[in-house]
Structures are given as structure tokens and as C-alpha cells.
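Okay, so chain A shows up in both of these, paired with chain B first and chain C after.
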Partner chain A sequence: MIASLFDPSFAESISRMTVPILLAALGGAICQRAGVFNIALEGFIIIGAFMAVLGSYFFGSASVGLFCAMAGGVFMALLFAEFHLRRAGDPIIVSIALNLIGFGLSTYLLRAILGVSGVFQHDGIKKISNIHIPLIESLPYVGKLLSGQSLLFYFSIIAVLFCHAFYAKHRLGLWMRAAGENASGLTSLGVSPKRMQFFALTVCGVLCGLAGAQLSISNVGLFVENMSAGRGWIAVVAVLVSGGRPLPLLGLVFLFGGVDSMSLRVQGFGWPQQFTEILPYLASLLALIIVSYKRLRKDWATKGIKIT
Partner chain B sequence: MRKLSIKRISLHATGWLISFLWVGLASAVLLFLADADFINSLHAFFKSAFGGRKFAYLLSTISRAALIIGMAMSALIAFRGGFFNIGGEGQLVVGGLASATAALYFGIMGPLGIIVACLTGMAAGAVWAVLAGAMRIWLGVPILVGTLLLNYPARFIASYFVNHPLRDIASGMPQTHLIDKSMWLPLIPGTRLDTGFILILGAFVLVLIYCHRTVAGYQARMTGYSINFAAAAGLPIHQISLRTLAISGSIAGLVGAIAVLGLHHRFVDGMLVQPLYAWTGIVTALLVNLLPWAIVPAGLFFAALHSGAAGMERIADVPKEIAVILQGIIILFVASSKTADIRQNGPAKEKSE
Partner chain C sequence: MHENRVDLFGISVSFGNVCALDNVSLGFRDGEIQALVGENGAGKSTIMAVLFGLITDYQGEIVVNGKASAWRSPKDAIKSKIGMVHQHFMLQDSMTVLENIILCNEPLNYFGFVDFKTARHQVRSLLKEYKLSLDLDQLIEDLAVGQLQLVEILNLLYRNSTVLILDEPTAVLTPVERDQLFSALKRFKEDGKTVILITHKIDEVFSIADRVSVMRSGKLISSSTLAETNRDTVRSQIIGKARHKSSKRTKSQPTTPVLLLDEVIVPGLSRDERPLSVNVKKGEIVGIAGVSGNGQAALVEAVVGLRQTTSGAIFIKGKDVTRRSVEERRRIGMSYIPEDRQKTGLAISGDIIENSAISNIQDPYFSSGFFLRRQNMMSHAEKLITSFDIKVASPKHLAKTMSGGNKQKLVVARELSLKTPLIIVENPTWGVDIGASSFIHRQILSMRDAGHAILLVSSELDEILELSDRIFVMFEGQLSKELPISGATRAELGKLMLAKNSTSFGPVGEVL
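For the complex of A and B:
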């Protein structure tokens, strides 16, 4: 039973589950560090997934699909920026609205433009190609994890590492962190925090769009209504638990992805589907509880008060 | 209360006008994308929101509005008490499932059965909300994410129960058996409108009294304004927090019970999630800036929007999700309008961590 859980294709499915959450969570983390509390990731992802299918179907090219997905994510990010940064709307309320718009718009356009409801599947949807790396491919176990994955798998890992280095080494990275941690200090340098936040939101839009593309045109090549199915929220939890730091985020999201793909395989043992579908949410809730409890204890210890 | 001046009023009016123009523009673009006939769609919209033979559509709008207003009350109580409870969906589903179970298997019939089923649903909803509150108080989990994450287990648990132990296998659908007719909410004589909306109005009056006329409601609101101040004033803030959430959850549970007993007469998988009752309720409470009495007209407005959109789908082939999109756009404008300050009546700014 254990062996069947951890066969090589397990490694493959881990990455399939992980990449969308990882890309979205990285976008959320960048916003979080820049001081934008963005919980509209779910809405960003679903628009990205829809636009990817749309572009790939109409232009017969996966790269146009990827481009459209990014454009869709950026469109949502621009809406967020307009209503949160420029018009100073509350980020939580703007997020709730954008999640509704993301769900509504993708379903609406699915019926209005593609003329189907529920699922859109067509041979014309070109998928993102997988990349095979010659030597690594033949390694046992790790080979399947490190090679033959979709382009976005490699991109997401590199993006996380790049983001880590960028925050640590580059001046712009420092500014983007400062926008969240010490906005007035940043202003005194003559840099607008809002501009940094706008930049962070745009990057988040791109990343979430790609997350959507990974869902819809990477392995399957179809769009389903409400396809993101809570992954955006799991990404939000990953951001909160990791505090927006890229490397812990990477580890955490792989953990969630592992549980997610485990839940698929446990279905083979005859557990009811609903129990296995809960697992990713329970795992993220558990991680959140552990980290929150540690923070709470620290607060109690340092401040000596027990309110809320 | 700030003084009204001609200048301020005209400022508001222009702001509203511009928002309306944007919403109108967005709907025109959406209709154009769906390749719909404008006049025909508008006609279909108003007919199925308010008209129909013997006003049948108007009655279904009212019935939908009752559920939305209920969920708006649930959100409003929590928001005013300082808790961004966006897990109304989970509380609604758990409440609906519990009341269906009570109605089917407790063996109590008639009016007493209705009361028992409603109370069971309310208790279940309250437990689900208090769970999030307990996680906030003793484990430090932010209420926003805590309530939201409990939506998914609620959805899957309900789905499991109607697919396996409680399933009406003969019907071939993921749903429970039909509830005994003696426990259906009676219809208003001569119409097809069930009395669920009267129950909701009753709850609404109680909520108004609670918000404006009771010490408990005042304490809850004070905790919402500033939890530190409430603690310093010696209020039992843990107890108040949990009470606020319990009330919020029990209203959501009541809405679930009404949907089961009055509308569907059984629990069908996804019947409370797909119409987005909980999210529409949250949006309704936000639309009126958490002003208790105003959720009734706002709830009717959004219910009419959804009913009208459903009609446009039937008649003019415009997907009904246009209602969800417009709802989101309206809330974007409300959240960002200079005149609205939801924080004024609602949750103190919760840090994201």
C-alpha cells in the first residue's frame, strides 16, 4: 500500500498539483511583502485558466495561450490596483468582489464566446509542451520529478529562487519589501510605495495567470467552470503561513501538493471521494493552526496580555 | 453625522452617476459579447424579476431575497462585531444538512417538527462559526481565513452524506429523501410563495432589536470598534466574540433550514453553494455599509438582479452569470467610493498576519 503511494508517477503528480498553487502563492507573497493584502488569487487564477484556453484555441498555439493567460491575470491585477491603490478601497472587499467577477466572467464568457456550459474540450486547444532533460531523466525516482515536466514547472521553481535572490540582493527588491514594512521610510527616499505596490500587483497578475494556464492547458487541455476550486485560497494560506518568504513558501507548497496528489491516489483504496478531497484543505488548515499558535504564544510571552 | 451641503450632495450625486454609467457600460459590453438583442434582454430581465403570470416571478424573487437577506444578516452581525466571517457558506450548508437530517430521521412530524428542524439547523450553523472563533481565540488563526477554510470541509461533508448514508438511491440523484409533507413550510394562501420569508423577517426584527436596543448588541459593537478598548473596559471579550459568531452562524443555519423546508423539501448536493447565497449576502451587507435596516431593500435588489438574469438566460440566451459580474462591479465601486467607510461600522482593520 505504501509502495503504491510512492511510485514514480507520484512524483509526477506532485508537481502537477504543486505548480498552480506555487505560482499563485508566489504572486500573493510578492503582494504581501509589498504591503498589499491580496486574497483575490482565486479570481486571478480562474481568469488566467480561461484566457489560456481561449488564446490557445483561437490561435492554435500554446504560447499565445500563455500570453493571453498573463494578460488576463494582469487585467484583474489592474482592476485591483485601480480600486485598492488609486481609489483606496478596502483590500478584503475588493478581493471579494474580484473573486466574484473572476468566477462570473469566466463562466459567462465560456457560454457567450465558446457556446458551451460546464466543460470546454476541443482538439484545437494546444497544450504546453513538456521538457525532457536527457541525463536526469534516467535517474530513479527523482528522474520523473525533475524531467519531463511542463515548462511552467521549471519556470515556477526558477521564479521562486530568483525572487529570493531578488529580495536579498537587488535594490528594487529592497524597495518592494520596504513598501510593506516601512512605507514612510521608502517615501523619504523619494520612492513611491504605491508604485512598488502597483508593480507587485502586476507581477502577481502575471504569475496567477500562468498558474491558471498550468491548470487548463498544461496536462489536460480543457476548461471547466470554477476550475480553480479553492486553490487560490490554499495559496493564500501558504502566503500567510510562510510570511511571504519565498523559500519557506516553496517547501510548504510542495507539502500541500504532496497531500493533494496523495489524496488522488488514496481514492484508489476505496475511500469516498469527498474524504480525500478534504485532505488538502485540512493540511493547509493544520499548517495555519501550527504557525498561528506559535505566533500567539510569542505574543502572549512578549506582551503578557491575553486578548483575543 | 456630517452636515449636508449642496456641494457635498452634488459630489455624491456625480460619484453615483459615474458608477452607474460604468455598470451600465459593463452590462452593455457583456450583452454585446453574448450577441444578445438589447431590448429583448431588458424586457426579459424586468419581466422575470418582477412580472410573470399572477406575479409568479416576483414571488420567486421575494423567496430568493429572503435567503439573501438572511445571509446578509449573518454577515452583518459578524462584521459589526469585528469579525470578517466570510464562511457563511459553510455555516449555511451545515445548517441545511442538519435540518434536513432532523426533519427526516428525528421522527417528529408537523409544526413541532419544523421547529425542531430549524433549531437543529441553527445549532449546527452556530457550532460551525464558533469553531472558527475558537480557532481565533485559542489558536490564533485569523478569522478571515479560518472561516473561509471551513467552507470546504462543510461542502465535502455535506456532499458525502447526500451521496452515501442519507442518499435517496431510488431517485438516482445525489440528494436525500423527500421530507414529509407535514413539515413543508406552508404556502401563503393563493400563491406559491412559502412562509420562509416571514421567518426571515421575524429574525430581521430580532436582529434590529439586538443591534440597537440591547446591551449585548452594544457590547458586541463596541468590541467590533476596538477590541482593546472593550478589554480595558472589562468586558468579557472572549465570551462576546463567541456569542457574536454563534448568532451569525445560527442565522446562516436558519437560512439553510428555510431553504430545505420551504424551497427544495430535501437536501440536494450543491443546492446552497451554487446560487452563491452566502456571497451575495456578504455583498448585500457591504453594499449598504453595514446599516441593519437597509439590508432588506439591498437584498431585494440583488435578488431581482439574479432573477432577472435567470430570465435573460431563458428568453434572450444571455448567461445568467451576468448577475454575478455586475454584483462584483457594484461592490468594487461601493468599496472605493469616498462616501462609504465600511470600517466605520465594521471590523477594525485586521492585520494580514
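For the complex of A and C:
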């Protein structure tokens, strides 16, 4: 039974589930830590997915597709920065607007540029190649998970680890944390928090663009209207639960993605679909309860000793 | 001739029509501690904001090291080695002490990664040089207030600041922490640094400063060395007229208890959860003294109804209110002047009219059915404003536009106007200038004389001694034995306030 759960297609599906969410969530986490409440990830992703297909189709190159996806994400991030940072718009309103724009604009351009509605599929769309790592590939069970995945799978994990080190050790990492925690403190030291937030948004745009590319030009080579299908929102939840810290974020997204792909599998055992479909949410809820219970206990512990 | 490190020539600042600074000239020397004193709103903070580049719209000239300078932002001031410790700390809570000290001035390795090894080494030698002690790896959120201040100061020293501006640094400190701060400041002075101390405590000026400058309503009144002046002169310069002695108090005639705490246990108050018992009778003021942070806030919250108690009972006017809400307690006959006017005392984004009626808004005079009677609220607000001499342009203005002292006056005026049998008063003159605080004291005393029961919690010893009929001292969540006002001396109270050993004040206590 275990073996049937962890077959090669499981490895493939787990990365398909997690990579877009992980990339977008990392972008959201970077914003969160810098003090930008960005819940427009969904809109960023869909533009990224569309631009990836567009670039890949017209230039016949997956690299150009990736580049276009990043540019699309950054374009959305710049809009966010313009309205939130420069014009002091409420981040929730700006986010809602950008999510709507992302959906509407991609649907409109699909019709205007490619002349189709609903789905665009073409052999001219070049896909991102998978990377095979010789020795690891032959390992039992994990071999298929760790090797032969999309370029972005490796990138996303490296990005999370790099981000962790960046916050702890890099000057800009410290400044970005300070911008999110006590912005006036940073100002009083002569560094503009807005600049840090702008930087965070731009990185978020790049990462969300890549998340979109993973959706549209990695496993499949097509664009579907509303392709992001709520992944941006799951990423937002992951950001909030992990408090924007990269490592817990990684664990959380893999938990969700793992249970999600397993839920497809256990349907094969005859479990009702209605039940298996709630599994990923159940797992997330459980993680949430454990996290908040731990926090509460810490709170009680300090209250018992400390006099307020 | 001795050149000044920093000179301010003819600085004027106006906000709209209000002239906040009027042609102020000040000079600061090397190796000098200069105190800048004055009431709230006298312009002390404004002139420092100009010097630190927070206000750029001014007339006049800043000269640093003999060079005329103009700041576009604090960044420029920092470059000229001017540093400021703000009243509200500017630290990053989830970062370590070391990270906070080096923030924005990090020594770098390669690709912008921070060289923490060098940084640690540099900060250690700084600590050694000034005989200070701090655990560099602790998180800021775990530190006591006195240590936070040290971190702020070290941040300035790490940047090699030669001019240190401290905005009311002792407001939040225990006496022990204050002494440590002052000895550190003296070492900075010996090292040739310029220290500017904004304060409104005259005792501090005379215990540490070399020079004192007095400001009043935006003007510089005097700037002289300590030898050239004395306490009374400075005091009268601050308030503009000789300070009248506190009103002669009549002996209290306490009768029936209005507030009774019977063996109450407030969770989290002390380690061994010892029960507390206090009563406050009609026509008396019971003072609870103590260094802030010893559980007074929790006790007040329990009395007011903001915090659950686990055992014992609380009675107001003989009614058991242990499980009653704040609103019910207020209806039975309680009013409350909280310490924090910004968060608890006022709804600062509401206007003054709303704020002056808010504690009894359900009164038919203020509301009927669904609707508020704005006319009546307005006239009530005007009454409070005139009777307490609150300085506002119009009651229609938002509460957040008032200065700190006037906010406090509004809270006191509102709560006292309820004329409830029981009044809970918590640090009523915290951060309030001398004129306003003696006015508030007179009002509280006259409420006592009118037969109200008052529980006064204050960390200002003078306030407790001036107002109370009976005194308790709170230390580590426990109350001392009762002291009648006649028998209480400053020395005895001080001993109780810092009872046992001083380990409770954190590790800096011993090392500094």
C-alpha cells in the first residue's frame, strides 16, 4: 500500500502541487517581513502564467518564457508599489484590484493577442526542461522525488534556503526585517523603509511570475483562463501561518502539497472523494491548531512568571 | 577661545499659525552635559527635532564644528555624528541586541553579508570602554526598559556619534536604572562627547548637568551653567511665575468603605500568588506607591474589571462586583483615570466632544433612543474645557490633535465630572508639566474633601506623599503593610519600594 502511494507519479504530482504555491508564498513572505501586506499573489501568478506562455510561444524558447513571466510579475509588483507605497492606497483594496486586473487582463489578452478564449494550447509552446541528477535518481522512493523535477522545483527550494540565510546574515535582510517590524526605527537610522518595501515587492513579482511559469510551461504547455485557481490564496495562508519565516513556510507548503497529492492517490483505495478532497485543508488546519497552541502555551508560561 | 561643537542660531519654526519656536539660539560644547528643561509644549522636542533633521522647515542656522549645515533628513544629521535616543524606543523587537546595535552600520564581509564576528568584537570593546554590560544575543523583546535604552545609546556610540540627544530618558526608568544611566552619561562626557538631556525633572538637572537651558512657550528663557543659577530660579523660569505651595490639606474624615478588596488573587501578579486586601473609605485617598512594573497595572485592571481574578471578592459600595463587567462597575459608582491616555483614556481619533461624553454616553442627557444629543455633548465638552482650562482650538477638533498635558486634563476632567463615589486614579500626572500637574492634584484633593473615595496608584513618590491619607507600597506583586501619611517618610518608602535585594531589576543592576 505504501509503495503504491509513493510511486513515481506521486513525486511528480507533489512538485506540481507545491512549487507554484511555494514560489508565490516565498514572495508573499518577503513582502510580509518587509511590512507590505500583499494578498495580490493570485493576480501576480496568473499574469506570470500568461506571460510565460506568450513568451515561450512567440520566441520558441522556454527561457524567454521564464523571462517574460518574471517581467509580468514585476509589472504587477510595480503597480502595487505605485498605488500602495507611493500613493498610500490601502493594501487590501490594492490587492483586490490587482487580483481582478490579473484575471481580467489575462483573459482579455488571451483573446486580443492569441485570438482564442478559454484555453490556448499549441505545440510551439516550449516547456521548461526537467533536470536529472544521475546518482540520486537511482535511490529508492526519494530518487524520483529529488531528481527529474522541473528546474523551478530546485530553484524554489534553493530560494527558500537562501532567503533564510539572507535574513539572518545579509545587510539588506536586516534592513528589510526592520522595515516590517519598526519602520520608524529604520527611518531614524537614516534608511528609507519604503525603499526596502519596494525591493521586497519587486522580488515578490519575480517569484510570483516564476510560480505562474511553473503552472503554464512546466508540466503542461498551455494557458487556461483562471489557471492559478486559488493557489495564490493558499500561498497567502501559508505566509500568515508561518509568520513570513522561510523554513516553516517550506514545511507548511510541502505538508499541504504532500497531503493534496496523496489525497488523489487514496481515492484509489475506495475512500470517498468528498473526504479525500478535504484532507489537505484538514492537514493545514491541524498544523494551524498546533502552531497556535504552542504559541498560547508560550504565552501562558511567560504570563505566569512575568509581572505585567 | 572655546569653540562650540554645535550652534543653533535664531531658529524659528511655525506649524500653521502657531509659532512653535521663536528665535531660539543655543550652543553645545564638547565634554558637556546640557539639560534642556521646560513644560510640555515649551519647544524642547521641537528644537531637537530641528537639530536632528526631523523638521526641515525652519528659519535660522545650524552650525556644526564651525560649518553651516542644513539637513534634508535625519540621515544628514547622522552623518554629522549627531544621534538621538527618542522617547519611544526605535528598536527592532525580534532582533538580537547585537543586530540592533549595528543596524544600518554593519561591517560587511562580501556581497553585502554582515561580518558578525568583527561587529561582536567592536561592540564588546565599546562595552568595555564605557564599563557597560549587555548580553549581545538576547532578543530585544526579552529586555527590561533600562537595557533597551542602553541598546539605543550603544547604537549611537557604535556610529561614533559625538552629540547624543536624549529625550526624557528617565521617564521610564527605575531609580537604580537612572543612576546607571547617569554614570554612563558622565563617562561619555569625560570622553569629550556632547550630551543633550531633555527633561522636566529639576533634580536630575542639578545632579548631572553642567549647563541648563530653560525654554517656555517656544522661547529660550535662559542658558546658564549650574553655578550661575539655582533650583528655585530654574523652577520659576520654567513655569513663568513662582510655584505656589501645594494646597493646605484638611484632615480626612474617612467613614464607610467604598472599595473593598478581600483576599483577592490576581493571576500572574506575583510568583506565589499571594492574596491582596485593601479598602478605600469615603473621603480618603489611599495611595499605592512603587516602582512601575511591580504589578500596579494588574491590580488596577482587576479593580476596574479589565482583568479576571481567581479568588477573593471585590466590593464597591457593598455590592459584590467580582464577576461584574467594567460597565456594571461604572454604573454602580466607579470612575477610572487610566495611566495611558493614548490607548485607554481617550479614543484619539474621535473628536473632543465625543471623548468628553464617552464614559456616560448612555445617560439620557447625552443620548435618547438611537440618537446622540450632540448639543448636550457639546455643552458638556465646553464645560470641561473651561473648568479645567484645557487648551484646544475647538471641541470639534480630534482628540489626537491635543498635546499630552491637555489630553490628560481632558481625561481627568471627564472622569471627575462623573462624581462617582469611587475614583480609581493611575499615574494622573505622568508626562504632564508642573503647572497642569499641580492643578490635577488640587482637583483630586477637592474630590476627596467632597467625600469621594479615591484609590491612587502612582510611581511618583512626591505625588503619593502629597495626596494620600494612607499609603501602601507595592513590590513584586505584593503590598506592604499600611503606612499612615503622618508616619511615612521618603526614606522609608524608598526602602520598601526597592525591598529585599535589587536582583529584580535585571542583570545590568549589578554590573554597571
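As a convention for this text, the second predicted complex is superposed on the first by the 259 of 308 C-alpha atoms of A that agree within 3 Å, B and C clash if a C-alpha of one lies under 4 Å from a C-alpha of the other, contacts with A are read in each partner's own complex, and residues count from 1 in each chain.
Please note the rule applied: a residue touches a chain if its C-beta (ideal position, glycine included) is under 8 Å from a C-beta of that chain, and two chains touch if they have at least 3 such contacts.
None of the values given here were measured: they were computed from a predicted structure.
Enquirer: So, A:A88: does it touch chain B (first), chain C (second), both, or neither?
Expert: first
Enquirer: Using the superposition on chain A described above, determine whether A:K169 touches chain B (first), chain C (second), both, or neither.
Expert: The answer is second: A:K169 touches chain C but not chain B.
Enquirer: Going by the contact rule stated at the top, is it chain B or chain C that touches a larger number of residues on chain A?
Expert: On the superposition, B touches more of the residues of chain A.
Enquirer: Would you sort A:A178 into first (chain B), second (chain C), both or neither based on which partner it touches?
Expert: Touch partner of A:A178: chain C, not chain B.
Enquirer: Could you look at A:L186 and tell me whether it touches chain B, chain C, both or neither (first, second, both, neither)?
Expert: It touches chain C, and chain B stays clear.
Enquirer: Please identify the positions on chain A that touch both chain B and chain C, taking each partner from its own complex.
Expert: 307-308
Enquirer: What does chain C use to touch chain A in their complex?
Expert: The contact residues of chain C facing chain A are 73-75, 78-79, 84, 86, 89-95, 99, 103-106, 108, 111-114, 116, 155, 267-271, 293-295, 297-298, 476-477.
Enquirer: Hey, which residues of chain B end up touching chain A in the complex?
Expert: Residue positions touching the partner: 30, 33-35, 84, 86, 135-137, 139-142, 144-146, 148-150, 152-153, 156-157, 159-160, 163-164, 227-228, 231, 237, 241, 276, 279, 282-283, 286, 318-319, 321-325, 327-329, 331-332, 335-337, 342-343, 352-353.
Enquirer: In the complex of these two chains, what residues of chain A are touching chain B?
Expert: Checking each residue of chain A against chain B gives 32, 37, 39, 79, 83-84, 87-90, 92-94, 96-101, 103-105, 107-109, 111-113, 117, 230, 233, 236-237, 240, 243, 272, 274-275, 277-278, 281-282, 284-285, 288-289, 292-293, 295-296, 299, 307-308.
Enquirer: Over in the complex, which chain A residues touch chain C? Could you list them?
Expert: My answer: residues 169-172, 174-175, 177-178, 181-182, 184-191, 303-308.
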